[in-house]
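If you scroll down you'll find the structure; I have some questions about it.
Every chain is named by a letter (A, B, C and D) in the order it is written, and numbering of its residues begins at 1.
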Amino acid sequence: MSDERTLDLLEAKIRELQELNKMEGMDLSSEITKLETKLESLRAALYADLSDWDRVKIARHSKRPYACDYFERIFTDFYELHGDRFVGDDRALIIGLARLDGKPVAVIGQQKGRTTEENKERFFGMPRPQGYRKAHRLLLLAERFDLPVISLVDTAGAYPGLESESGNIGGAIAENLALMSRLRVPIVVCIVGEGGSGGALAVGVGDRILMLENATFSVISPEGAAAILWKDKDRTREAAEALQLTAGKLLRLGLIDEVVPEPLGGAHKNWPEVFESVRTSLVRHVEELQNTPRERLVEARYARYRNTGEFHTLAEA
Amino acid sequence: MSDERTLDLLEAKIRELQELNKMEGMDLSSEITKLETKLESLRAALYADLSDWDRVKIARHSKRPYACDYFERIFTDFYELHGDRFVGDDRALIIGLARLDGKPVAVIGQQKGRTTEENKERFFGMPRPQGYRKAHRLLLLAERFDLPVISLVDTAGAYPGLESESGNIGGAIAENLALMSRLRVPIVVCIVGEGGSGGALAVGVGDRILMLENATFSVISPEGAAAILWKDKDRTREAAEALQLTAGKLLRLGLIDEVVPEPLGGAHKNWPEVFESVRTSLVRHVEELQNTPRERLVEARYARYRNTGEFHTLAEA
Amino acid sequence: MPIFKDREYLRVELERSQDESLWMQCKACGELVFKRRVRENNNICPNCGEYFFLTAPERIESLIDEGSFVDISKPIVAGDPLAFIDSKSYPERIEVAQERTGLPSAILIAEAKMGEIPVVMGVMDFRFVGGSMGSVVGEQICYGMEQAAERKTPFILISSSGGARIQEGMYALMQMAKTAAVRERLARDAVPFISVMAYPTTGGVQASVASLGDIIIAERGALIGFAGRRVIRDTTGEDLPANFQTDAFAFQHGFIDRVVNRENLREELIHVIRFFQSTEKRES
Amino acid sequence: MPIFKDREYLRVELERSQDESLWMQCKACGELVFKRRVRENNNICPNCGEYFFLTAPERIESLIDEGSFVDISKPIVAGDPLAFIDSKSYPERIEVAQERTGLPSAILIAEAKMGEIPVVMGVMDFRFVGGSMGSVVGEQICYGMEQAAERKTPFILISSSGGARIQEGMYALMQMAKTAAVRERLARDAVPFISVMAYPTTGGVQASVASLGDIIIAERGALIGFAGRRVIRDTTGEDLPANFQTDAFAFQHGFIDRVVNRENLREELIHVIRFFQSTEKRES
């Protein structure tokens, strides 16, 4: 991705020429067209063979749309709810009510910060137990009012710290997994950025699991895997490859249901395009699920998770 | 109750004479008999007209049997469970599994301490939010395994402090009230000592509400009522009278179902007798309730609480 | 505004507006402010923004669509089951409160519309024995919930209460269990319940129905908590933080969904009930 | 003791007891102790009380009624869906673990009796790739629960696991959701599930099925938590208390019901399952 810089420079040069072009007596249009063609082919070449590690970096890109951006742009009437009712209001995990295509839904989103200050408030998008318990409360509310749940996953993981561990972060995650496995409303999950391990899965169980093209979903970060398995922090690229954490690979493995396309270069290149793709996909899935009788919905979700896993069966000894 | 001291002295004197009586050549039996008769009549006179305030003091007596004493003496196989699964293990509110008359039940008990150290650990028997949430967890467990719940109430109230308020003690109490109102298993409550306001009610909703003869159950402590209503801390006796907080009065008002008799002078005078009375009463009520279909049980409980209250109906203006 | 059509409290409101002087002194900024402007401003000081109490009728007026009010409160008044006497007898105390407020009790149950959506609303009045919950308040809240369930409209409760009505002893305490039980039925029937905590929502009301809302909204400036500051200090001797039991404290510790300025409360509630209006429990 | 009748791990156990020297040095107190005495003492140092690991077969032997063991594990072994290679290939790693332990995977599912009460038991073995949960461990746990439901006997899970099996990538992560889902069915069917957390119960196992027991018991000396110490220090730089993620820490913070010494575990479990044996879901 270091070549991305070249593209940026070329883009800037084209813009300069376009400015010049507006001036009287200047006609640079054919030069500009040539440069644009060049740019497009360079871009296509560059992004055509993104490595998995490239995608990890795109998934973590700080200009990528975050959960709240989606809440404001592809939903209407977003109404944030706060608090877990007993400890606090985790700013790394946002819940609320909203409308998708005019219809009422309940939403969950993991939210990173963009500024240092915001990241401090949001613990870099890593939820603590109060975040997962806030989501738990929303899930029950959704069930009470028969609201489909849409969960946007984007976290490096649950916050690893004394406060989290003292508050039984593991137990909080476990309770969510259990609840989501049997909730009597449709749940559509979309991994919009990083799907970091148990902290992502804790709001990532559902009837449909979608992933943005450059999102990742992994049992451990490539850095973590490199440190643990290779005892070598420099082998993260290799780890990223080995973990099969990209949308495309996970779709092939049958672990997710759909890849939502991103603009060339990543979601941060063109927010409106991403919003439109995600919106369309969510609407379609929610609609399909809403037409499924609840009993069948829950049974199908159960079967999906019950049958997840790959192993060899032996002839009995 | 200051006369209680006289009784104690007389008792001691009788014991001394009994010792002497064992010695050769001494026959004090007729004197002893006389003194014993005297003692009994004094005792009867003293306890015959216990004031409500006297009963408050008996209910708070530090030698009175506490919840754990009952757990060990009238139940078998008591097995304490710990922790609310996210904050801590409140020692002022004990939960567990046990057998009553050989049959499995779930138990809840509010537990005071007897020593300074124990009281520090148990917050003087005043539960914090983690205590009520621990009870909440037990109630759900009881429902899952169809276990009757027996709750022994004995607290001055929920712990009034920064920690409690920061942990939404009000919300925790409210959640228990809601859950107990609809739990699909029999719930027998017995106020064994102090039934202090919302902190007592939070584990005091059920199908049968029993009270020990000298237990109290009140919306506010007599001291609190005196301070608020009479602006005079010395009028606690009067407040105790006015609040109608004794078992006898509450039975007459129809707010409780049964008064469990105590030995003359109070439960602390004879533990085994109290254990036997409480045990017999609990067994009887649990048995009756176990024979009620669950649906009817829950409907009857609902009707009971729905219809609690005294007011005048006006002819519509 | 002709939203109140009958009942005694109309008289009291009228008397209040006639009797009183034109000006009042704000207890917060000390400024003399024109009383009518305060009224028109939702009882908020036009100078410093301090919130003054809203009576139940004022509260209703500030929230609902004009002309949509119907008082559906049950025709009940407090009994005196304990024959309770402190500095005065309980019936006397009730009479004084009724005379002073024009209200039969500390709560009104209203059928009304908000943004043209029908709702049932319970509105407490702190002037009436501190908005405390006795048998009547408990019964009215339950009745209101049942009416909401019957009409399939949301139930909104605006709490303003110091807690349980001591003068009714255990009858008052039991209202906590009673309102919680009826609230559970409402939940089972998927009828939305929005709990608004106004100044103050404490004691037995905070520890029962008010904390059980599907959505819990605090009005800015609310006092929210279970035990009183004095009780806590007497029992524990603890230093309490400056923001103890404020709206901000409750929000920070996750008890409530939102803190809303009084002037935005109507709009916010309409937003919420409009959302729930479009939900409908499917059969499956 | 003839509780193991077949399977490869019997051979390994035999080899272990023949191959090894008579004495071992305790890693805690440094004392040379007679190995047979350690074995007979539940793998507890007879000198200082230090707990050494129990293998899954040893654990089962220490808990169940003699002769009551039937291995009902599903006949499955790990696949290699990611074709994963780190310092060695995943299939090689599995082979080494199988050879070393004599076990097909990191868990055994046993049908057995405890105090004459039938149970189904899942017992993890930390020697096998750190007891990590991949597709096989997840499947075996679910299978064990289903067998318990079918037999209407309690399910006991003894966890000893560092977390998810990295080499299986997302398949491993998904086992958290899978085991939690099956556990919910068990709850619906009112089949008791007793979760025993042994050293260590961390990561994906602690954050799923192990934390969902009706009763959760920690063996004394257990390490219980989600994120590892190193991850926490690298991320936050926090100082961690001395008792961090110990059994005492988990107990103090209310995650677990009880901490039990290894020598009392059998007795304690029998107490619990005997209790549940006498409950029975009524129809009503």
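One rule holds in what follows: a residue touches a chain if its C-beta (ideal position, glycine included) is under 8 Å from a C-beta of that chain, and two chains touch if they have at least 3 such contacts.
These numbers come from a predicted model, not from an experiment.
Asker: Based on which chains touch which, give the shortest step count from chain A to chain C.
Answerer: When the steps are counted carefully, the minimum from chain A to chain C is 1.
Asker: Name whichever of A-D and B-D has more C-beta pairs touching across its two chains.
Answerer: Top pair by contacting C-beta pairs is A-D.
Asker: Which integer distance in Å separates the CA centroid of chain B from that of chain D?
Answerer: Averaging C-alpha atoms per chain gives centres 42 Å apart.
Asker: Please report how many Å separate the Cα centroid of chain A from that of chain D, as a whole number.
Answerer: Centres of chain A and chain D (C-alpha means) sit 34 Å apart.
Asker: Please compute the C-alpha centroid of chain C, do the same for chain D, then give the distance between them in whole Å.
Answerer: Between these chains, centre-to-centre, one finds 54 Å.
Asker: Taking each chain's centre as its mean C-alpha position, how far apart are chain A and chain B in Å?
Answerer: 54
Asker: Can you list the residues of chain B that touch 2 or more other chains?
Answerer: 85-87, 167-168, 171
Asker: Which chain C residues sit where two or more other chains touch them?
Answerer: Chain C, residues with two or more chain partners: 211, 253-255.
Asker: What pattern do the touching chains form: line, ring, star, complete or other?
Answerer: other
Asker: Can you name every pair of chains that touch?
Answerer: A-B, A-C, A-D, B-C, B-D
Asker: Which residues of chain A touch chain C in the complex?
Answerer: It comes out as residues 77, 79-89, 97, 99, 103-104, 130, 134, 141, 144-147, 184, 293-295.
Asker: Along chain B, where are the residues that touch chain C in the complex?
Answerer: Residues of chain B touching chain C: 157-158, 160-162, 164-171, 173-175, 177-178, 180-182, 197-198, 201-202, 205, 217-220, 224-225, 228-230, 242-245, 250, 253, 255, 302, 305-306, 308-317.
Asker: Okay, in this complex, where on chain C does chain B touch?
Answerer: So the residues of chain C touching chain B come out as 6-7, 74-79, 81-82, 84-87, 104, 134-136, 138-139, 142, 164-178, 180-185, 188, 203-204, 206-212, 225-228, 231-232, 235-236, 238, 240-241, 244-245, 249, 253-255.
Asker: Mind listing the chain B positions that touch chain A in their complex?
Answerer: Counting only chain B, the residues touching chain A are 85-87, 129, 133, 167-168, 171-172.
Asker: Quick check: in the complex, which residue numbers of chain D touch chain B?
Answerer: These residues of chain D touch chain B: 187, 190, 192, 211, 214-215, 251-258, 271-272, 274-276, 278-282, 284.
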